[in-house]
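Read from first to last, the chains carry the letters A, B, C and D; within each, the first residue is number 1.
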């Protein structure tokens, strides 16, 4: 198996190309995706290859998602680009009341194979409305799947699996991830939509994370492992709906200690759900308080000094590790 | 009116079938049928006039007041009734009920509890037709109240821009729940909003099934030929309360009576065809009988059908993943 | 102090009247609130008393909330009725990106004293789109306050406090609560926006709940207390943003056992955040797994048999108590 | 044009002040000024022509491209610059930056990073004027791209219905980011959408400050007198990229040059007033000098201002609760 170094943006572009080639009912639309190939080049050249199956749209986010539902119910396989996930609130009713429920409400008559690409996370110095991680809202919505890639390879693999899924999938891709490089298998890459991955094996402590922030976690882990000469287990959730409880529980039963770390705000974040699962299902194995790492409870300020103080990073992960490894 | 006899009988059948369905729902409501139910009585000419121009493969999206659209599109009465009864044999296996009735077998993509929720769905369904090079047309039914949702604006603009085969049919029945259309909508004829999107907008008497039929025919034909979307507004009236049980404090009994007595779409239709003698009385009686038989059969089917198994409640939350 | 028996709907109507009387900048609008006085009579007669300060609106939820933000920034104190909280998704961007952030983004230049009344919870047999409890989305949004009354008295008191607040407040009132009777103090009632209340004292176990579902919890507690002849502490959160950690932690330090119970779906619910707080901050005091009680992970089905199997009730609370009291 | 000399000087001052502000931002960007910045160069006649008709107590809502609106409404240059520098002395204490610039002291209720986020805010601000019996008018600036958001539809319908004192000013600069207006908007003149709400809609040459001024004057006066809302569309052009750093692959350099050379609103204004001789050259020079002085002072102020204290980052997440 050969692997090739690629940036995330290109890896997901390959996923789009391969799936559009494979299935003529796959098409994609979004704001400003033709002329510059998307904000991060993730749609570069796609219009040339597939013509009218790649479309620029008006600034009409409810229409984009709502029409995606209709397109899917009618037999299409739309991929909808949300431009910035910061505006996903505009489409929440379409997601909650149509996309997630159509299959169930209609007793399985129709299905909604729709992929929503939603670039999220901090966009440095873009302030409060362009730097959000809102994935936690989607943990509690039955009927949708929600994945969050962390590398070019699983970005490609999850996107391909999402496009092939018969269910609506939200694909949160961190804005800072698009330019990140990683090795991608040269052959077909399909990453299962509902499985977490142990990306680093260890016994001393479990850290659950996902997405771009996984990089921050691994940085902290490297430092801590050297210092404490103990091994830390790191789990990449990859999917937050559903959450792969089995993998998490198995790990904490072994390590007895748990940190959950994400770029999103700590309060009410995905970390809360993971902590609650473990406090309920593996309580007897846990030896220390469960620590959550996340951003402070504030809109993101513009000023770089404030921005840094509100966001979280490997430093906070390291501090949490220190607390549990003493 | 240049409709042949079969078509006339068909139209009569569809209007009366809706009317009798709704009357039956009303009779059973609070007993075998529970939950919110929004009846279509008085508006039968709209769904019928429009859907009589559609093929089975054509698609419609509906509203919270969806029984009429479902039947006009040709839905099976047994499965429709069973759904309102919450039975496993219903269209939605009892998961949907009145507000989420859907009949995908005849292209009816679902009632919708979200007012204005259908605009985008219809638009997307039309987009799939275009992308996959199909000739089907999509009809989006919506109310006067729904016309003030932002989804209207975004959907119609997108459809106009992309020249999608979708007709937005406004059932302007004068009221949105307790609110008069003129107290919620800053324009008298909702079809006039079409100009803001450079498309056709036509307003017709929605209780004249011929007027609806003719206007719909023109617009649907055009859409099928690639001429893009349009708005068709049918002025009509909701005879029943907003929902079954509505105290209706917002309007006078005489307002309702006036429409009921002098503007019933089915009576108007009968008067018109009787005037020309195109359909004979026995033929009319025959339609009535057919419908009563169909109804009785459907009600019985619904009543003796089994209720869903509680253990299966979580089935269909997710669609099965095929190996693709 | 005399108390008078009232239904919730009337108690909140009094709150509206008293605050509109007191402050001419308070006004209210929503769909269908004039003619029938609101779906549950909660606005009955208000239009006659205050004329144009009580308005029916078009079906335009984004406008209702967005205009509320503008009205508040310009010096008004709007109360916006959402009709059904099931459609709050339509307004999520207005809530997240405008209402919650305006004060912060603009460096404190403007404030947003807006109250959003949002009737939520199961509406029996109304199926998937009219029976939702979505409050968990709002736990993670900085800049808003979120309260959930459980009785006519705190309904009145919280609504009055919300109207007087200088911050945007979402007021989730359960649809089934409007007709519930309770004693309401005859004098001024103001309930603090950020304090939980211990509604039942005990030592054996702590149950955290809120809203209409508190009634189900108290039913279960009554049965369990008799059976086990031990006392259970019940906390009514009242506010879920912020969550009154102090009251919860103090209680679990005493009891060592915790159940969180709500009508909303269990996965990703408010219970997760409470569990996570306790697993982080009172871990050493907890003696048994933390149990969450909530609805199953499904849209609400129409058919009564299915409905009952998906929703939760005092029975589930009782089962959880049994697990912890053995 | 029947404007007196003071007004003409005022207009010139405002247009040039915006232009020079933006040029300074461009110069400093990537160094002292960081983060996304959307410049208003080429569109100065719109904000100026409109805001010259407003009183200090009148309100405006803005867009992501908000510097021009902020300055035209009379904002303090020091506080504006300091904000873009992310300083504690800025309008928003460094919390907002370019995309959330606001100047409540002069009635500017905020730039907005959400395209179409201002429609409802402006409408609500106008509602408060009506409820509290104030005579102030609200102006809502929005782009051609924003006109396709559902918020446009809901806001304008509501304002029309309630006769609110708000003017929606469309800055149709031909582009929404990389997308041409005609590829996103199913109507050529966005002001034509006014008909769908029974209100006035006027389209003017947005690079002719007199045309903008006169149309705005009429509509603002009417709104102030209780005649309700209107839409004013100003056709203009964005000379700079969508944001500073935009590779601009979507348009030709010659398209930009054409507008720059032959349709610069400031040059057109100067030509017009020079033709009539109403304002003398020394008076023109005087305005330029005043602006340069003001600018230099503001930049220096921004540069020597302190940055916010990280420990205070969570301040203002919530407003203080007064005992009321």
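Quick notes
Going forward, a residue touches a chain if its C-beta (ideal position, glycine included) is under 8 Å from a C-beta of that chain, and two chains touch if they have at least 3 such contacts.
A quick note: this is a predicted structure, and the numbers were derived from the prediction, not measured.
Of all the chains, the one whose CA centre sits at the greatest distance from that of chain D is B.
The chain pair with the larger count of C-beta pairs in contact, out of A-B and A-D, is A-B. Our note on geometry: chain A versus chain C, Cα centroid distance of 30 Å, whole angstroms.
Per-chain CA centroids place chain A at a distance of 40 Å from chain B.
Our note on geometry: chain B versus chain C, Cα centroid distance of 37 Å, whole angstroms.
Under the contact definition stated at the top, the residues of chain A that touch 2 or more other chains are 57-58, 60, 62-63, 86-87, 90, 93-94, 97, 104-105, 127-129, 142-143, 297-299, 301. Chain D has residues 92, 94-96, 100, 112-114, 148-151, 154, 157, 161, 183-185, 317 in contact with two or more other chains.
Taken in their complex, chain B has these residues touching chain D: 148-154, 156-157, 160-161, 183-188, 192-193, 195-199. Of all residues in chain D, only 34-36, 86-87, 92, 94-97, 99-100, 112-116, 145-146, 148-150, 176-179, 183-185, 247, 249-250, 307-314, 317 touch chain A in the complex they form. Those residues of chain A lying in contact with chain B across their complex are 24-25, 27, 52-53, 55, 57-58, 60, 62-63, 65-76, 78, 93-94, 97-98, 102-113, 142-143, 145, 164-167. Within the complex, the chain C residues that touch chain B are 31-32, 34-36, 56-63, 86-87, 90, 123-130, 296-299, 301-306, 308-310. For chain B in complex with chain A, the residues that touch the partner chain are 59, 61, 90-96, 100, 102-105, 109-110, 112-114, 117, 119-129, 131-132, 138, 150-151, 154-155, 157-158, 161-162, 315-322, 324.
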